[in-house]
Each structure stands twice: as C-alpha cells, then as structure tokens.
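What follows is a pair of complexes built around chain A, which joins chain B in one and chain C in the other.
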Partner chain A sequence: MTEVSGLVVEDLVVEVHGTPAVKGISFELGRGSRMGLIGESGCGKSLTALALMGLLPHGVTASGRVLLGGRNLLDLSDREMCAVRGNDIAMVFQEPMTALNPLMRVGNQIAESLRLHRGMSRAAAAARAVELIERVQLPEPDRTARRYPHQLSGGQRQRVVLAIALACDPAVLVADEPTTALDVTVQAEMLRLMDTLVREEGASLLLITHDLPVVASICEELLVMYGGTIVEHGDVATVFDSPRHPYTAGLKASTVLERTDGNSRLATIPGRVPALGAFPGGCVYRNRCPRADDACRTVPLLTAPPGSRRRAACHHPIESDQSLESGKASA
Partner chain B sequence: MTTPPLLEAVDVVREYRSPRRSLRTPGQPVRALDGVSLQVHEGETFGIVGESGSGKSTLSRILMALDQPTSGAASYAGQRISGVPERKLGFLRRDVQMVLQDPMSSLNPRMRVADIVAEPMRSLRLPGDHRARVAELMHAVGLPEEAVTRYPHQFSGGQRQRIAIARALAAGPKVVVGDEPVSALDVSVRAQILNLLTDLAEQFRLTLVLVSHDLSVVRYLCDRIAVMNQGRIVETGDTASIYSDPQHPYTQRLLSAVPTLHGDLLDRFNRSST
Partner chain C sequence: MLIYFVRRLVILAVSLLAASVLVFTLLALLPGDQAQAMLGVNATPEALEALREQFGTNRPFTERYLDWVGGLVSGDFGTSPLSGVSVGAEIVDKLGVTVPLILSGMALALLIAVPLGVLAAVKSRTLLGTVLSALSQVGIAVPSFWLGILLITVFAVKLQVLPSGGFTGWEDLGGAAQSLLLPALVLGVAQGAILMRYVRSAVVEVMQEDFIQTARAKGLSRSQALTRHALRNAAIPVITVLGLQLATLLIGAVVIENVFGLPGLGRMLLQDVGNRDLLKVQGTVMVLTAAVLLINFLVDVVYHAVDPRLRSKA
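So, the complex of A and B:
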C-alpha cells in the first residue's frame, strides 16, 4: 500500500441542488486515530461521510479537499475513486442491507471485493473470505459464507459488512451509525469488535453517531457538527467533561436523561434542527441557543483559546468553571 | 396494594408456530411468552424491559387484546379480555391506546393530521366536537394548530411521534401503552418526547405502560418495572430497588451491559453532568 499519513479534510463543502448542507469543514484524522462525529440528524454527518467516500447521490456535489495518501480524492475520476474505495477508505452504513446484495451469498460478496482490489484468484479469495468471516466472529464460518443476507440477523449482517470493509486493509474506516439499527446487547459486541479490528489493523476510524456514550467508549477525539458546520472539536474526555459550545452542552444534557431540578423534567435542547437552507444566518445555532444575543448575528469562527487545542465556534463559549446551562423543554 | 389491578395477565403463554421447513416436518412451536403474570395498577408508570426477542411486544399486544394467549388470560379493570370477541371490547378500545416505535408506519400517509388524530373518536363514535378536540390535542402535544391540514411525511420524526401521541389521547384513554416510543428518535428529541409523556401522564392522569430495551429511558419514566428474558418475567419491582439491587442474574447482566459498553469514560461522562 502507498504511504498514507492519514486523512486531511480541508474546507469541504457539500451542496444539495446548490444549497450548502456542509459549509466548509476542516479536520485531520491522524493515522490510527479514532475520531467521533456527533450531532442530531439533519446536521450533515452522512453527507460528510458520503463525500469522503465519493458516494454522493445525484444532485449533490462536493468541493474542497479530501487528502489521502497525497491525493485529493475529490479530483479523482469515478474509476480511480472506485479503486480507492475499499482499498484505502471503506465504509460501514447504518442499515447493513443497503450495503449487501440480497441475491448473493455473503462469502461471495466478500470475495468479490478481494478479487476486484487485490486481483486474487477465485479460490484464494473464497478462502480469505472464510477467514474474514471468522475474524468478525461469525459462527461456523464455512456455512455462514454460503448464506444469503436474509438468512442472517441484523447484527450478523453488520458483521458481514464490516468484513467486506476490512477485506483490503483500508487506511480509513468510516462508520455511519453502524449500530443504531441493532439492539443494545448486540450493539456492545459489535462496537467492541469494530474497535478491536480497527486497532489491530492500525486503521483510522471516523465514527458517526448521535449516541454520545458510544463515542465516549471508542474515540479519542470528537467533532460536534451542527447546521453543516463543526461547532466544537477536542479530545473526547475534555469535551464531555466541560463542553465549551452550548450545543454540545445541550446534547450532553439530553443524553444523560437526568431530571432537572424542580419539576423533575429532563433537560432538552429547545426546538429542533431546521430544514436544509433554513438555518439562521450568523451562528447556525442562534435560534435554539440559551446564550444567543446580538453578537451571534455574525458567524463565530472555530477557534481555540490560547495554549489549547480545543476548538469551538461560539461568541460566548461556556468556561469550564461555569455550570452547565441548557434550555428546558417547553414541550 | 389494596386497589385491584387495572391491567392483569395471569399465567399467559403464547406460542407461535415457526414456518415449516418441509412438507413432512411441521414448524417447531416458539414460546414467545412462557407463563407470564403481571399486574399494573391505576396511575402507575410501568416499564417492561428486556433484550430483543424476549417477548415484550407480544406481552403488550396481549394486554391490549390485539393478540390472544395460547393459554392463560389477560384482563382489564377486572374484566377478562382474552378470547372475547372484538364487538364486546368497546370499553377496552376506548380506555387503552397505543404508541409505537416508528410513527411513520403507524400513521396513514394519505390522511391529513386532523383526520389521523380524530380517527379514534370517529371509529368509537364518540359524541362532541371533534375539530375542537383535535385543536386542544395539538396544543397539548406542542404542535401548531396549522399542522392539522398537513400530511405525516411533512413532519420530522419527533413531530410525527407527537401526532401519534395526540391520536392516542383523542378518545380520552385511561391507559397508554408505548412500545419503544422513543427508540427511533435522536437523543435531543427523545428527551423532549419523554418530557411530553410525563406532562401528559400527569395532566390526563394516565396509567403508562412503557416497553423498551433502553434502560435509561425506563429508569427515568417508570415507577415499577418487569424484566423479561426468553418469554418470562424474571424480576418485578420498584425501579429504584431493581437498579440499586438487582436480584436475578439476567437483570444484573442487563444492567452491567451498559457500563461495560461505555467504559469509564461514560462514568466520567455521567459524573461530570451531576
């Protein structure tokens, strides 16, 4: 494989029929590091992932730079990108069925990727597919290889998708809500497996989810996304301990499901994510933020305080000695 | 407890026959419920927790007489409801309503919100001004009144769940059964809907039965819980005591699945938020 230092995203813009849905985000995923990307649905997480993979749907376009191994993936032709996908960067989706061919035995689906990217012979690819099935801890690898997707449970299918993703030792694995469709007990096993394999392969992981505890258990760094922008970035423990951006604080408060004082209701973020194109000007979070004032009519930059690596895009960030504040439900 | 239970299941067994593998061998019976007894009292918020496939949904359907037990029986307010013909279940249909996980599949896409919400009043032929009642319900669930003229696909997941809740309240039920009502929602929306359910339960003096695999949701909302495993209730009790002192090994395992999943960072995450 080529020397890949990691993934560098610079000023990535994704437009849906001309309306920006991802508005110029930049981040670096170091080699072997594990980054979480969180935010409510409709904030641009999946479009970011699909842009990295060169899998944007019709009418959706990306610009900026996605640098991997010295190349800008956004400049590659479809054919070149097809070679990169699977080989250098691979993806696990929320719904495993979208990634699997219902009419093909799962062993053959894994083997196909190996033959395509590695030029393996049919027999070698088939044997390696069985090994990979064992690697993702599916029972009776030989028999499982001959099954069709519908003959497996949701958790088992997701393992097959993971086997396909890892077949060619990609440098980067992008996982978009990989366990949301699975039940809790299966989720835990799946995450542990993904974590182990990514570590063993030395791959980098971009884990997209709206489940904060999942990120806390797996990732080192955290990106918080809202309205197509990155609103906060830092290492997971610090960001969760003392969020600087009011949106991160709100997400955290709604996740822990703790009764707020007085009326014993849960802390929530007021309102909801606006539709594409309907976010306010200036700070995108302005219409839901308990701290908003006139200063927030201008776009806050994603900056770190002096001497810190923690970036937040807010005119009035929460200082760590201040108590958390978040809106309460108006129901 | 001195008051009689509002909902009761006595020794309920439900077997499904799995599809046959060949012409010769009949399908094996699957015991979805294996001798379940349960009492839910008026005004209580009762949680049913367990892994996928443990029988939670099957039990809740039997408590609503949407499914029949193979043996045993369910009753409502002291009246037997299992094996009773639908035409004699008017009292149950009026008093007990349901909210499901995926509001999209439970809301008719071709009906306007006004008609969706009014539907229980129509089918139960309830007297009164249905339009005024719909307006009142929209307000109660925090939706703008104009929303009544729109269709389900024009709403977000959380708003659709509000519509489903409004519909469930339309006939003025005593009991609302929610089968994973917040499982498909974002964390932020989930907290909003849980607050809404708490508010409404107080406002309308509802008895809530909440089915969920999510322990944090049940812990927040419920006074008592039943823990299910492989078609049986392995433990029932006050939420607080089950969480602080689980007796059954399965309950212990279920509770510990959460911290091992999230590791010490989650502990830190939880601690720093208190």
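So, the complex of A and C:
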C-alpha cells in the first residue's frame, strides 16, 4: 500500500449510546511522523484509537472522516475494513497480559496475520514470524516462537503484540498506552524499540498515553485532549516547554516534582474529570480552569496565533512570558 | 505431562479403592439381608443361619470385603445367590444398552448445545438470541419423564413410527437404534438445554476478552475470531460441565430406562434393590461409581490437552 500518504482525521465524532464522547476532532498524521495523543482517562483518546481501527464496541458509533490512502475508513464495511486492519493500520494495546490468546503459540499468533493479508504458506509465515520475533529483540527467536503467552513476561508479551502489529508493514501504527502496564525499567526499552521499528518501516505512529514524558521521548508532535476535544496541538518541544492551554500547563506541572517547605509534592489539577455528558457547556475545561471567566461560556476555537502552527483552544491562552504561573494551581 | 498423567492415575486408583470400601460398608449396614428376604419374616433362626452359611454372609466383615474386592480386581463380581447368575456377566449385558444410550444422549446434547449455544452468544443482542435463550430455559424446565411420555404418545401411539419401549437386542441393529432413539432424545434435550446455556455464556465471555480484540485488529472478521480464537477458549469451562453431565446422565438413565422399558443398568439396579439382590446392587453401584471417577479422570486429561497453562504448572 505505497500510495498511502498518511492519516487524516476530519471532524471525528464518537458517540456512546448517543452521548458524544469525542466531539469533532481533526488532525493530520503525516507519513513517517510520530504524534502523541495525551489526556486523562475519559478524555476520549482510547475511543479515538478504536474509531480509527473500526473496532468500536457495540452501542458506540463514529462519524466524520478518517482518511487513509484516499479512502474514508468510516465508510468501509466491516469486510472491507478487515483487509485494512493489521495491513494498513495496526494497533498495540495496553494490556500485554491479556492481549494474546493463551491457548496459541506466539509464533502462530504472529504468522496468522501474514497468512491472512499476504496469503503466505504456513511454513513461510512461520519463518517470517521467527524473523519478526528477532526484530522485536526477543531472545532465542526459534524457541520463543513455540512458546505460549504464559511462558513470557509482560514486556516480552508486549514485544510479541508489537511484532503482530508490524507484521504486514502497516502505514499507521496506533499504540494505546503501550507501556502503561509494564514495569518502569521495561518501559523505556519498549519505547526505544517502537521508535526504532517505526522509523525503519517508515510508518506513522499515533502514541496514546496519559504520560507526558513518554510522548516527549519519541514523538515530534503532540495533541492534548480533554473532554473529547483537542485543546492544544503543536510540536512536542514547544508545547512541553511553554504550554498555551491551562490544561496542558496543569498536566505538565503534575509531572514535575516540586520542593516546597522541604516536602516533595506533585502538583494536581483541581477537581476531577466530569462523567461522560456532564462536561460544562462552552469551554469543556472551564469548571477546573484557574483562568476561566464569563468569556469561557462560549466554545473556544482551536486556533493558532499569526505565523505559528501551534493551535490551542482557549479564550485566555498562556503567553510564553507568563509561562507556568497559572499551571501551578494545585489542590 | 507424563508425570501428571501418572499422578492422576494414582489418584484414580486410590479413589476407586475408597469407593469400594464405601459401597461395601453402606450396603452391609442396610437392615435385612438376602437370607431374610428369601425366607420371609416367619423363618426360623436355624433356617436363616443355614442359608447365611450357604451364602457366606455370616463371615466377618473384612473377610467378606477382601473376598469381594479381590474378585473385582480379577473381573469376578461374584454369583448372585438369589438368581444364580454371574453378576459380572449381567452387568456387561446391561451396559450394552446403557452405554449406547448415554453416549447417544450426550452426542445429541452436544449437537443441540454447541451450535445453538454459539448462535445464541453471537446473536445475544438480537431477538434470535433471546428466543434461543428462552428455548433453553424451556428445555431445562421440562421434566424428562414427562417429555419421555409425550414423545411416546406422539411417535409411538399417534404416528406409530417408533417403538414405545422395550429392546430387541443388538442382533437387529436397526431395531436397536430405533428403540434407543426416543430415550436418547429425551436425555439429549434435557442435558443439551443445560449445556447450551454454558456454551452461550462461555462464548459471550470469551468474545469480550482482549485477545479477541487483538485478533480483530489483525484483520480477522468476527466469525474468524470466533472460530480461530474464541471457541477453544470457551471449550474449557464447557468441558467441566460436560464431565458433570455425563455423571448426571448415568443417574438420568435409571429414570429413562424405566419410562421406556429398556433392559439397562439403571432398570436392573432398581429391580435388584426391590429384590434385595445385594451382591448385584453392590456390583452395579461400584460400576457406576467407577464410571463417574473415570469420567472425572478423562475430563482432567482433556483439560491438560487443551490448556497449555496447566501443562507447565504440573
């Protein structure tokens, strides 16, 4: 699928039993680029990932456009989508412990995708599976291929999941919290491996996480999501260094350990993420935002200041000289 | 795997031994022995004693037990003092009816439960799924003796296409199959309805597992994910129930054999209890107990064949 240039998402709406959980987001994932999608639980980031894959659970529907290789994936039938999944767009899931079939050797689980999309013979697919196991840097590829998931550690299983995802050289890899369930020591290795492989394959990566440093380590661009909307977008370094949206500033502050009065404490964002459908009208963040005023009763547009690619959806964005002042709001 | 197999085999042997003690003791504790039953309440103590001497039932408990168990090991179940027939030969003869009955009942149950259970799971959100679930409830609620009588009324009395009962023997293969069809159907419907619910819930549960999502993300369709990944996983809880049901069928056969007048083990057991033919009852109960233990053993072995997680732990 060489004509695939990248992934374009236009006005994607995901509704859970009629209640919008993702409220019309748009972004563009260029060929070979790596984008982070960050936000708290319940912001709609996982639903976005599943919508891209066409794997939304029963009762959850998506509308808008998800363009890959000139086709709107949301228009495809499930049958057509089966040819796209695992082939043009693949996914790595959060829970390596449960993401593999416990009754099937891992080599066969990797080979299955090759047999499906490439029509490989059993032997050829098995041989290629061993190569893929080697590519994800698992020890003794021949023996590992014959192992069952329960004989591997969490980190090793996640490498198998990655091998399955990359088996057919997809144009886009969606990774939903791929390191969250792993030990901290394994997380960095896993991220490095993913970074390397995606780079080598020339694939685009959409990395979904709630962990800002994870994004900062391998992504170029960053999308910040809150309440089903994108509140800020720009390149990682700029957004990380000088967030414009108060929510991004709050997220950043909550990852930096501050020393006050000899006590180390993490800053927190006041309040909690509202339940689905209970977000305030206007700006979705205004009930937790230290900068909110009457102007925030109208929905802010995701706009960039003149001459900049950085977009933020805020009536009172933080200017760079103000830096963290309002992000320090702690409970 | 081999170590596990051997260990499980040892457990089976010990269980069988324990079962033999239990069966023998319980029957020995029953009031009224064979001599009493034969001679009636007005028999003189001398006559009773003479008959007991002849049967060997006046010997000490342990001696009688060891004698019996020693016989069992060499395949000799003893000779019934009441009818003078070899108990072992009688049991083998009756098993020729009961085993085919139970196996065909189980096969019918599987034929009903697996396709309908999977269908009910896949269509669980639709009207069809609801209807199938309701049907399985009906199947569970209907008592099997009543269903048996209903089937006899329809197929034997009204339509006259199948015999209402009795058994012609295996020399007439077609006739034997016809005689077993209705009773097997009754057993199959009752057990199939129960099994279907387990199949349904197992499939529904497995289809929500993460690895099904992984399979779908690979590009497998829903039905491919079902057949290649879900069914084998769903089989694990179903195998447990299947083993329990086979054991239940042994009991169910007693009722069904009586409804259809089949000369099987269950019917013989009931008659022997009535006649106080204790040695035959003892042998029959021992065979039934051994069958249940053997089924459990087989279920465990099948488990290990299906689930690699168990293999590495053993």
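Just so we're on the same page, the second predicted complex is superposed on the first by the 313 of 331 C-alpha atoms of A that agree within 3 Å, B and C clash if a C-alpha of one lies under 4 Å from a C-alpha of the other, contacts with A are read in each partner's own complex, and residues count from 1 in each chain.
We take it that a residue touches a chain if its C-beta (ideal position, glycine included) is under 8 Å from a C-beta of that chain, and two chains touch if they have at least 3 such contacts.
Nothing here was measured: the structure is a model prediction, and the numbers come from that model.
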Clash or fit (per the criteria above) of chain B with chain C on chain A: fit
First (chain B), second (chain C), both or neither touched by A:Y226: neither
Chain B versus chain C as contact partner of A:N101, first or second or both or neither: second
Dominant toucher of chain A (residue count), chain B or chain C: B
Which superposed partner A:H210 touches (first chain B, second chain C, both, neither): first
Chain B, chain C and vertex chain A (Cα centres) - angle in steps of 10°: 70
A:S41 touches, of chain B and chain C: first, second, both or neither? first
Partner chain in contact with A:S113 - chain B first, chain C second, else both or neither: second
Contacts of A:L55 with chain B and chain C, given as first, second, both or neither: second
Which superposed partner A:F279 touches (first chain B, second chain C, both, neither): neither
Chain B versus chain C as contact partner of A:F27, first or second or both or neither: neither
Per-pair minimum CA distance [chain C against chain B, superposed on A] in Å: 6
Chain B/chain C common contact set on chain A: none
Complex contacts: residues of chain B adjacent to chain A: 51-52, 142, 156-159, 186-192, 194-196, 198-199, 213-217, 219-220, 254, 257-258, 260-263, 265-266, 268-270, 272-274
Residue numbers on chain A that touch chain B, as the complex places them: 40-42, 183-188, 191, 210-214, 216-217, 236-237, 240-242, 250-259, 264-269, 272-273, 324, 329-331
Partner chain A, residues of chain C touching it in the complex: 125, 209-211, 213-222, 228-229, 232-233, 306-309, 312
Contact set on chain A toward chain C in their complex: 53, 55, 58, 78-79, 82-87, 90-91, 93, 95, 98-104, 109, 112-113, 116-117, 148, 150-151, 161, 164-165
